[in-house]
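Let me begin by handing over the structure; questions about it come next.
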């Protein structure tokens, strides 16, 4: 349930139903798997059974000869992309050789499940049979399956061209350590030594999965003139188009990507997985191709899970509980290809604390497992699992209330962020105050059969802005028709309809909104980094004002006055003179239909950040005989800047928290010694069911971002950051024992309790 | 997936003819079989859908006392049926198989014939001294249920035979059965370990008879005879139940796999056995502070 | 092999040419064009393929197309009557119990089966009824709230 979020607006800030909810509840929402085109054929990918191997040869002759097989492709059907060829993607760019490798291995395979060939056939049964006829000669190589093994000097090197970045002098030998990142100020080691109280913790986090319920599916069709249309479940249609075009060596004007509904992404559907292969198959066989992944494929190397990690943190404080130093070493498991830079997660773990001394080192390490991708605030939950537990342990050491400790050390507007710049307006102090006043903190812990405890953990995520574009045309009945460039991953069709309704002073029912494909709307980066609501708001505010300016000029001409003489309200341009002329948008459009379209355009690039901050409180019960942890109560406090739609904001928070609880308690990949995932099904990869989680109560705080339309902050990523640490802190308070491996499965909890009891 | 012929016989005789022809498998709820066939783990040229045969779906009270549960009756039907009154642990076990959707299709017969050591339906049935009624071309035989299990995925029922029903004798006076299992999530998981217990008290309140049936801790569902023997002749106390739990854990022969280590499974057996026995005591009006509640 | 299957879906008799190996899910999606039921896992562990068979919620990925004749099958497309949403659908819309929407058809049907049998369920009963329907977006809170609301609308008996 929401707290009272007052808003000075008519439509923005209101708890309105999603504009696209009806399609969802009636089964009319179309996802790529639902698409059926005349003549469509079915494609499947052949995947590597080895974690690390050279591909000596691939013989597709028998597969091609099978009745019902229409086309077979391997990496030989694609241009080889040089290392270093990047595509622009927001702030960091994306290496195409990695995108290509994720989609179809060339020369080597680096994880079980990596695709090596693709087949299109008349139906799925024939496609499966054809896969079995493709003969791949592999030369298996020794594999490394964990960070520690990968970092030893004797480890087999996955990529001969990868030399550790961020190390001076440049190393001469390739390494599995792809990069080293340092964020430091002051003298952390010395300050720690002299600290009145200090705590160290090492945590290990198993790889998990974003767990989107919709497996990857793509439909590709190539027209007679060679123009390709791709219907994808993607977080970014423009990014997808760029990746497909580069992988195929095709000019961007020869294809378009049409986003359909997406059944969850959470960061795992930013890169393409099969789209380019589907296009090449369609080119080869001249029929539309539908390429599908089974759930087993999704989990067994067919997609990019978030990174496992080994993180060491040390924190020290003075007698009054003021932090004097934070040290951290973050080793992130990138999987089979170099991964995301650890910089953001490092910053996130320390950002909320004021301290003069900071030394954070991050390492991106490759191992022979699927190449990792983002998962809501990538690295955040892993880093918080270490840092927030270290802080909590420090509180126990100092006998200091954990909330009081946070207040004492909280970053404020203007405090120095880890990267050295000052914090823009933030509301951490407000959040902490709200926590202290809330029953979830002030209610005494209820008693039960088993030990219970209450935990607190903070979360921070910077998010990103990048580019969003959209345009607004006005229909013949005067109603705005909005085309947004960014994918709706979090309910932004609704919130953006609210923004445009607000700008036009119209009811939300008057706004039509849709997401454009890559040839019908301006370039927009993918839906990720908690950026869409904020940046799309800015773009559509600009587009609204542009459209209204054009309308104003038309109205002035029709009413034979100057634009300055006109006011606009509730869909009507009215002369300022009492009794003066007026014209509604409908009348105006009818009167000027043949004068050309009214098109309002807007784009937002590099909008000032609206960083996300949250504080979570939970009560748990620990069955000390079995290790089962039950979360009894969970409250998430978050500063959202301005809640465009409280229901949407709550939905993001509740869902993201439950994802965090899943990784905290039951979700983790179990790799065998051969690099094969042993729990590649939703039976044994255990995501929370409705019975496994309590109601997640949300408390929304609003500290607007200055100089940004409506002051909106990102919402969707930070809620996943605190839950594991929050639960771990609660377990520590209940039992006196800290869990340092995530997920904190019942078996691990029981073992930790027993080990503590023995010592 | 290999192609197959689908048959839906109306009588047992028709079903047996199809099964005797070979390369045929029985289809009841399909919640194990269909998934396995699609994954290539099991295959058949003919699927014999037995849900149209009355004897296999009926749940009937027997004239001599006791009950016969049709092998293909759905778990949901079993849990809602009149057997819940006298066999609450069986009804409750049926509600543990998967979730609602699975229970609406899955059958106890299928749960048995899948031959998984983790079968949640089995321990409570074994504790009730259930027998399996099996039809073949040569006639019908009835054997103690626990003798059906030979190894993981292997049962002592020929491909040409058909499990018709599970027969339960009437529960003796002053007896109770309970089944508890441990899963990381509340539902939908395969049991990491499960313990079914049965005790019968004599007039003095002393345990006259006991059974302990364990799931997921051996190649098949297993009894724990040493644990059972420890119970007989004793009055139920918390200390006794704890000791019996430990004995059962010692008798268990679990492996380590992705779901849990052997050690953890043993730990769970000790706890679950103790708590299940505690539940039995609770059903009999004895409070030993050991229940799952 | 191909085989002709005739069955009753959403109150109508439907006939389609299917593969003998088709599951009910494939029959519905690929042969009858009823794409509301989804494939999330293919082995009964996610519930996105949930349909009602004779009023009971089942995973259509674990039922054969050839088993369909003789049963009354209801898919999500059969719920709204003449464009009017069923109270469960309406409540989910109003309260915000759907985000990406992939789990929604299955959850609506599981909820319908529940409310048809139990008009005033408790929180625990609702959560048990939808435990076989994974949702990754909402955290379940608003879905449970919506089902309570629908129960009240339906008169809660």
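For clarity, chains are labelled A, B and C in written order, and residue numbers in each chain start from 1.
Operating definition for what follows: a residue touches a chain if its C-beta (ideal position, glycine included) is under 8 Å from a C-beta of that chain, and two chains touch if they have at least 3 such contacts.
Worth saying up front: this structure is predicted, and the values here are computed from it rather than measured.
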Which two chains does the highest number of contacting C-beta pairs join?
A-C
If every chain is reduced to the average of its C-alpha atoms, which one ends up farthest from chain A?
B
If you average the Cα atoms of chain A and of chain B to get two centres, how far apart are those centres in Å?
44
With centres defined as the mean C-alpha position, give me the chain B-chain C separation in Å.
29
Among all residues of chain C, which ones touch two or more of the remaining chains?
21, 42-43, 45, 128, 131-132
Of all residues in chain A, which are in touch with two or more distinct other chains?
125, 296, 683, 689, 691
Tell me, which residues of chain B touch at least two other chains?
1, 39, 99, 186-188
Could you pull out which chain B residues touch chain C in their complex?
1, 3-6, 27, 29-31, 34-35, 38-39, 47, 49, 76, 98-102, 104-105, 186-188
If you look only at chain C, which of its residues touch chain A in the complex?
19, 21, 29-30, 33-43, 45-46, 48, 75-77, 79-80, 85, 88-89, 92-96, 98-105, 108, 124, 126-128, 130-144
Would you pull the chain A residues touching chain C in the complex into a rising list?
15, 17-18, 20-31, 33-34, 36, 123, 125, 210-215, 261-264, 266, 294-296, 489-491, 647-648, 650-651, 654-659, 681-683, 687, 689-691, 693, 695-696
Chain A residues touching chain B - in the complex, by the definition given at the top:
125, 128, 296, 625-626, 628, 665-666, 670, 678-679, 683-684, 686, 688-689, 691-692, 745-747, 750-751
The answer for chain B against chain A in the complex is residues 1, 39, 99, 182, 184-190, 192, 257-261, 264, 267-268, 271
